[in-house]
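The two complexes that follow have chain A in common; it is paired with chain B in the first and with chain C in the second.
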Partner chain A sequence: MADAEPQVVSTGRKGPAIPRPLLYLLLILATATPLFFDNISIPDQPADPAVFDMYAMLMTIPTDRPVLVSSEWTNGTRAESRGAFEALMRILMHRNIKFVLFSIADAQAPPVAVEVIRDLNEERKKHGERPYERWNDWVDVGYYANGEGTAEALAVSVQKAFSGKQDMNPQGESEDVFDSPVLKGVSTLKDVSAFINVTASATDIVYIQRLASKTTFLEFCTGVMGPEAIPYYSSGQTKGLAKGLRSVIDLETLMVTGIPAGGSSRVPAAVPGILPASDPRSKGRGNHYNASLHVAIVLMILMIVIGNVEMYRAKRGAAS
Partner chain B sequence: MNGLNRILADTVPPPTFWNGVYGSGGLWLKIILAFLIVSVALVFLKDAGPRVRKYVVGGATFLAGAFYVFFYFYPTPLNRQPGEMPQNAGEAVSFWLDDAVPTVGQIANIVAAFLLGLGVYSVFTVHVKRVAKQSADWGFSVVLLLSFFLMVGLGYADWGMKRIAGPKLDDPSNWGIVNYGRSFLFDGLLQNMDAAMFSIISFYILSAAYRAFRIRSIEATILLGSAVIMMIGLLSGFEYGWNHVAHQLPTTGTYAMGELTKWLQDCFQTPSLRAIQWGLGIGTLAMGLRLWLSLEKQGAN
Partner chain C sequence: MNPNYLVFRDGCIVLATLGLYSVLYRENKVFRFFEHMFLGLAVGWAVVAMWTEVLFSTWWVKMIGTADKLGHHGQPGYWAWATLLPISFLGYLVFSKKYNWMSRIPIGIILGLWAGQQVQVWFTQYGPQFADSMRPIWPNTHEFTRPDVTGISGPALASIKDTVYGSQAIDNVIYVVTLLCVMSYFLFSFDVKQKLLARTQTTGRWLLMIGFGAIFGSTVMMRFSLLIDRMSFIFIEFVKHDVLRR
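This part shows the complex of A and B:
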């Protein structure tokens, strides 16, 4: 079958067409080249209220209770999800909020998230900050094969849903996660600050249907999932929403600039930034990928224009 | 010791029908009874004919669905405190359902885990047969089986070493060949192949943008215009420049890019998606009912 495929992209009309390999080469060069340059700076002026709400909520949730982080992404969507997860972790670590990590979407998701935490810890050490310790600051309760049943169980009792799960303490012994400082005293969703879903699939609906009314539900999703997630944000079931790479870029900007009073519909007061612009971490993964996003979309629009011009010319040629 | 800590903690749930005190006779009795019931059921199912099995599968499906249906429709206990006793029979049922949900969730997790195991077994047998018969492309099956065993072997070895050595192995400078092997396979190969596979979509999208996004009709033009505005709205640099110009326009309205994309989302996209999701919800409900009542041809019937 592969041999029969045309070597040029069909425009559906007679006339010149761009060879497929050239099109693909253009895409590779256009998206990969900016990644080699760290100093490309593109201005950003966040305007999406969902991202303002996300940052405001993350900066105001209580710090004396843990958050549940369902990390439902793997490296297939790392261009969007890893930046989102890193931004989330930076905020939680900055505010010293403990968290529980788990997944219902993919067994690979928890190890991928742990790798990000390890990298962020290395970064924190370089900046003279204490690393975020497994067991004392966060625990990993792993993968749950049945998402609906697990979400339902969490809605009734966090303690029963995570019952029997163990993680490693600093002495290298496996202990019940409810003996860790993270989950000590946690019984139901009333005992957690928020439930945060970082997802590349439709797990948000599983959680929203079952537990969004019982705690503060926040969501980071991919751009593709964004449109489906918006109705839940506008209905108030999701208190903050970051969708795709653009939202990550906006969130990174807000982490520097903060939000003025009245900037968020959920938090009336001003919310401070957490990183000075001079800090190299202020240009996070989202900003690092921003130039690639720009050239990829410009290339796509260019291709749409060229395709249409070709069609128009072919039509005129056929008419004459 | 851990169990003792849990008992001493004020959040420990009281023993219910669905749990028991760690190491107690009551818990052991429940485990033995459950084991006996499942064993008898398995023996019965093994010797049962297709007609009987049909009713067993249909009955099990109905009971499993009935639990959640009953749970949703029965009044939920409000403000229930740990250790609180029910005041009447009605409340006792709601407490029982409340206690049962996490256990049923765990049962569902175990069943789903069996499905994963079944999938692994299926892949394994298919490829072993292909290699044994030297069918077409059997070399790929050899690669798959080798990768499978390497990943499982090194994965378990790495996990076991980390359990013995503790957090010391969080530092790569303390790693041995097993840890590097697992990291190479999982972090180095699998994760990057996962990313590479997904990135292939971008080539199709670009190709489709070139040949499919055409101004052939009014509808297509509206679709194209909306898509281009949404795409431009993703470009922070373009939006920054656009807004700078838009704010200087001598008009009363706002033409900021964020407002345009928000207008498209709020006025067209979100209502459309709400309608689609509503329809999907109705469809899912109908499908759920058919599955629950075994009306599907692929079900118990």
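This part shows the complex of A and C:
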């Protein structure tokens, strides 16, 4: 393809034009600058009932059974999904809930999730907490190519759906995942506490269609998917919903403040926080990006105003 | 992890990021190179993962069986799994002019399995939403707003949840009107002479556009998030942590 000339953004029919690269440069500077200042803190007041329910459900699901975590994101949506996955892992690790990791969307998804768990374990070691051990605390059953078939199989029998899958035990040997402390005794969805979908694709629909009615289904999705996911939360098919970066920020706030009694529609009792405000982990990825997100939105509004004023002026100039 | 390796690894990622973002200036060869490299890596990874993650455990092991730790027979193999191989290879006959009809056999099997699920999955997806759409539009109390439920629990909380307050009724009316208008827009997609129906359709179209606007707003916010994350990777993770070691 031949090299094209740089595009310009016209602000009116006969008005001046702003070169598009200049706009991009402005946006890059505006979003990158706040990242250097760790002490910038935008006050957050969570108001989304779906996030309240998500946190309340995660804090009250039984700890004696494992949860199934379908991690359906890769580095393409790291901005939103990694923050969501980190928040989820922090809560599960805090409550000592065992989990099974797998994916139906992308073969790269499980290794990406394993990398996050490794980073969180490093963080836990720094804070004097025990690392979450593969095999004893969680297992990775990998990628499944046929999402619909896998979800259908899981709805019938977890044991059959994951049969033949192996993971590394602490001795470095591959063993059947059903010999691990995580999946020992698990046969059907009744033997798991919840099914949690962290997704950047339409896998939520696949699970809602096939197994959401048989277990507690919770969903972390991207901002783009958010509006489409709301009806499923509203109808109770999804018991908790976190949508994009905004929900990650709220979730990180709730992990500090907790929820007072009556704050969640699904859990009437008060739910405590898990991190003190002084803990650096309370400022997770969501809070780290919050200031930049605000600056970017202000810049966008400013550009819309300038564009409209210029268009109005150009129209008036043309009329006179 | 070795710090020099981290600088090399993250440096490659930064280079790829900048190469891909160079398209913002103009279409160029650097962008093309990194685009093709990304696609090649993704396809290569997928091919290997298809064997190691999927076919090996869910097909090969089940076909040949497994031995226990002492080398004795463990799980017996089921030879019938072998029949899947020729059936699935029939799919590639789609490229043959003479035998392409045979590719319809595996496609037919997949379609049949998929179609068999559809009645059940359709109802589990939409059934609860039909029930949720039946919302009360008339308040059953004189109070307009729902009281603050912070600190309230037990029967008092249940009573508040069962009450339809004025503000809630207005919410529900907006919901029901939106639902009916949008449905009439899709159901009566022919030229409607009846004035009321025509207005309902127009309202439905406007309400749909408001919904699409909200979706577009979320999309823009997500694109900002993606840019912020890339900037964080370049300036904080690579420059600050890896290179400057701070």
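Miscellaneous remarks
The rule we apply is simple: the second predicted complex is superposed on the first by the 311 of 320 C-alpha atoms of A that agree within 3 Å, B and C clash if a C-alpha of one lies under 4 Å from a C-alpha of the other, contacts with A are read in each partner's own complex, and residues count from 1 in each chain.
Assume a contact is a pair of C-beta atoms (placed from the backbone, for glycine too) under 8 Å apart; a residue touches a chain by one contact, two chains touch by 3 or more.
What you see is a predicted model, and the numbers here were worked out from it, not measured in a lab.
Overlay on chain A: chain B and chain C clash in the combined arrangement. With both structures placed on the common chain, the touch criterion links A:Gly317 to neither chain B nor chain C.
Once chain A of one complex is fitted onto chain A of the other, the partner contacts of A:Thr31 extend to both chain B and chain C.
After overlaying the two complexes on the shared chain, residue contacts for A:Pro280 are found with neither chain B nor chain C. In the superposition on chain A, A:Thr77 contacts both chain B and chain C.
In the superposition on chain A, A:Pro268 makes contact with chain C only, not with chain B. Looking at the shared chain after the overlay, A:Pro43 reaches chain B, while chain C stays out of its contact range.
When the two structures are aligned on the shared chain, A:Ser292 is found in touch with chain C, with no touch to chain B.
Of the two partner chains placed around the shared chain by superposition, chain C is the only one that A:Thr222 touches, whereas chain B remains out of contact. Applying the stated contact rule after C-alpha superposition, one finds that A:Ile306 touches chain B and leaves chain C untouched. With chain A used to align the two structures, chain B clashes with chain C at 74-82, while the other stretches in 74-82, 128-136, 164-172 or 236-244 stay clear. Contacts of chain A with chain B, set against its contacts with chain C after fitting on chain A, overlap at residues 20, 24, 27, 31, 77-78, 107-108, 144-145, 148-149, 152, 223, 227-228, 231, 234, 244-246, 293, 296-297, 300. Of all residues in chain C, those touching chain A in their complex are 24-28, 32, 42, 45-46, 49-50, 53-54, 57-58, 61-62, 113-114, 117, 121-122, 124-125, 128-129, 131-132, 149-154, 157, 161, 211, 214-215, 218-222, 224-232, 234-236, 240.
Those residues of chain A whose C-beta lies close enough to touch chain C in the complex are 1-6, 20-21, 24, 27-28, 31-32, 35-36, 77-80, 82, 107-108, 110, 142-145, 148-149, 152, 164-166, 205, 208-210, 212-213, 222-224, 226-228, 231-232, 234-237, 243-246, 260-263, 265, 268-269, 288-289, 292-293, 296-297, 300. Considering their complex, residues 2, 5-6, 9-11, 13, 19, 68, 82, 98-99, 101-109, 111-113, 115-116, 162-168, 170, 186-187, 190-192, 194-195, 197-198, 202-203, 205-207, 209-215, 224, 228, 231-240, 243, 256-259, 262, 265-266, 269-270, 273-274, 277 of chain B touch chain A.
Of all residues in chain A, only 9-12, 18, 20, 23-24, 27, 31, 42-45, 47-49, 74-78, 107-108, 111-112, 115, 118, 134, 144-146, 148-150, 152-153, 155-157, 159-161, 163, 168, 170-176, 178-179, 184-187, 223, 227-228, 230-231, 234, 244-246, 249-250, 290, 293-294, 296-301, 303-304, 306-308, 311 touch chain B in the complex they form.
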